[in-house]
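Here it is, the structure, as structure tokens.
Order as written gives the chain letters A, B and C; numbering starts at 1 within each chain.
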């Protein structure tokens, strides 16, 4: 069977800098794949390549077996890929409901059905009372939740979360962890990017460690935790 | 937890929609009634003609800047090309005016397609390029053969003047523009445009085809000024490059739109109404200082009321956003 | 033909010097403040009118008007900064709103000069002795040679200031990274006000030079110079003062040589097309780069 998401030998250069240097991995349906690495290891670049924002210079990206390398971001989104951002990127001067409608604008369903769906989603994310507010009026943590809700609206098969717990207080953090576990339970493939190892180790089924654009280790949480190369990348000079 | 359940939420939604459309109908009805009677009661035809023209121009500009996030400082290009299209078709090719006007709109669309590559620019780059393109349009038309564009004397449309009919054609154009924007503000295209305005890359990754959406918005924004140019050429019976490509047309459009507030249907209407009246009053009192005050008003507007009248009102009462068209 | 080309080159250098100064001051403004100053042309023409008044009313010759223009415009710019710029930061889209505001200011200033001086074109009826000089095989008006000399001095002076003195280095640092320089303990408000004042001061000097170089000016000449300034700034790279100097001279040469070979309107179109083309080419795929980390 094909992996839900697969990257082969991805190379991405920015001028002289090689941001991704032959990254390769596969993630299965319902799997939570943690991607760790220090700042500048290439985590966000990898995510931007996977969702089509950057074109990789070499390599191949496959979604459920289909080659999507070189596709635009909206084409990849239409194939069931959703994401959040390190710093929330909500549509600032649109209501929360409208924010959630953006990813499903091309669905055939009636406006009324989509709005109902959006309200249900906002209820799940505990934002329902704010549904008519502009997104810019939310707090940072609420914006993270809004992004998560927006990502889940079209029921994507693959979701990518970029530093979901950065700057989020512990209560909210727990709530988000529950949500991520629910996504995996819904058989979604979850890519979880973070430099915070605790939450990654707790949630991930498997972990990919990046350093300077290369995969330096890959495997179960226990194996990664004790991997000397990972420890060196995090602690070494 | 006192949270509204789904059925009360949908009732609430229907109530909000009812208020929204009632307000839209009232506003539209008032505008129609007000302008429709102008020729009968012998009010100042020219003043009201230009009032409608500015409402239309500001509304078109709103589609570009309020919905799509582009500030075309060369907006006059569409107006000027529309004016010359009608003038040339009528005078040189013998078209009836009413047949020529749709071609003005078409010319605006064609020009918008030609300028479409500039849509990948953003912010200040887009503004400057748009300005330069407007100058290029003007220079090109100025330097066309005299038998076509009339050189520096311009084109006289001759015995085509029909002030009252052209007044009503202007009114129809305005209503078409307002109807389009009312539709746009509730439509999926409008939501996509707003999303692209706020964060194009994020919208792209959420499945919005940003290139196509931007182009649609751009075409709508270009159509109306081009028709305005044609109607105005018919109304005044003369077109020349000096007036048809005057940068003040862009300036006034931008100022009126922003004075009302970008992003709402009512903003440009309110802005044009207030500012055109103000302009008229000032002009009657101090004809020489007209431009000076227009310029100062722009500066003050940007500094103290950057969201415009309607925009500021909605900032003060965010809950009204759902009700105000 | 050969003589025509030489005249074209000489005129190109002279006119290009004026453009270079306009471009340099505009690019400083944009670099430090992120303000695109549409009213810069009116600042320049304001300098021309100042020289005009100083000469016609007080008999002060243009060369002596230079320091007066520089100092008075510097002061005006300093005040204008605090009136106009700080409030801008509060709007949704400060860059476009700044452009709109300066557009308004441009209209207001042009109208103000119109009220003071009426719509007629003016020129300063002052001549140097000898009235013209021989440069190679061609004669050039002394006023224009003097203007070129002044341009060189001002350009060299500003460049030396930017690259050799501490405040100049702070200005260049602010162009490169506005946030970082605040962390380094530089008072960004003071620095911005200074940049605005400096740019306005240079505009004042440029205005006097415009009165010397060009046959006439009027209240509505401003936007023409502002647009040329934009072209020069874009060609030289936004926020790059030395690039603007080079681009100004290049553009002046291109314009003057183009008038030798092309009808004037064509030369103007070429200028605008150059602007559009440069921006389009430079920004191709720009968005894809911006979010890279």
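The rule is short, and it goes like this: contacts are C-beta pairs under 8 Å (C-beta built on N, C-alpha and C of every residue); 3 or more make two chains touch, one makes a residue touch a chain.
All values reported here derive from a predicted model rather than from experimental measurement.
With centres taken as mean CA coordinates, the chain nearest to the overall protein centre is B.
In terms of the distance between Cα centroids, chain A is separated most widely from C.
Averaging Cα coordinates per chain places chain B and chain C 33 Å apart. Spacing of chain A relative to chain C, judged by their CA centroids, is 48 angstrom.
One inter-chain figure worth recording: chain A and chain B are separated by 41 Å, centre to centre, where each centre is the mean of the chain's CA atoms. Among the residues of chain A, those touching two or more other chains are numbered 53, 93. Within chain B, residues 201 each touch two or more of the remaining chains.
Within chain C, contacts with two or more other chains are made by residues 92, 291.
Taken in their complex, chain C has these residues touching chain B: 36, 84, 87-88, 90-93, 95-101, 103-112, 114-115, 223, 227, 230-231, 234, 263, 265-266, 268-269, 272-273, 275-276, 279-280, 283-284, 287, 291. Residues 69, 71, 73, 117-118, 120-125, 127-129, 131-133, 135-136, 139-140, 142-143, 200-201, 247-248, 251, 254-255, 258, 288-292, 294-299, 301-304, 306-307 of chain B are the ones touching chain C in the complex.
Chain contact summary for the complex, chain B toward chain A: residues 3-4, 6, 9-10, 13, 188, 191-192, 194-195, 197-199, 201-210, 263, 318-319, 321-322.
Residue ranges on chain A touching chain B, taken from their complex, read 51-53, 72-74, 76-78, 82-83, 85, 89-95, 98-99, 101-103, 105-106, 111-112, 115-116, 119-120, 123, 128-129, 132-134, 137, 150, 154.
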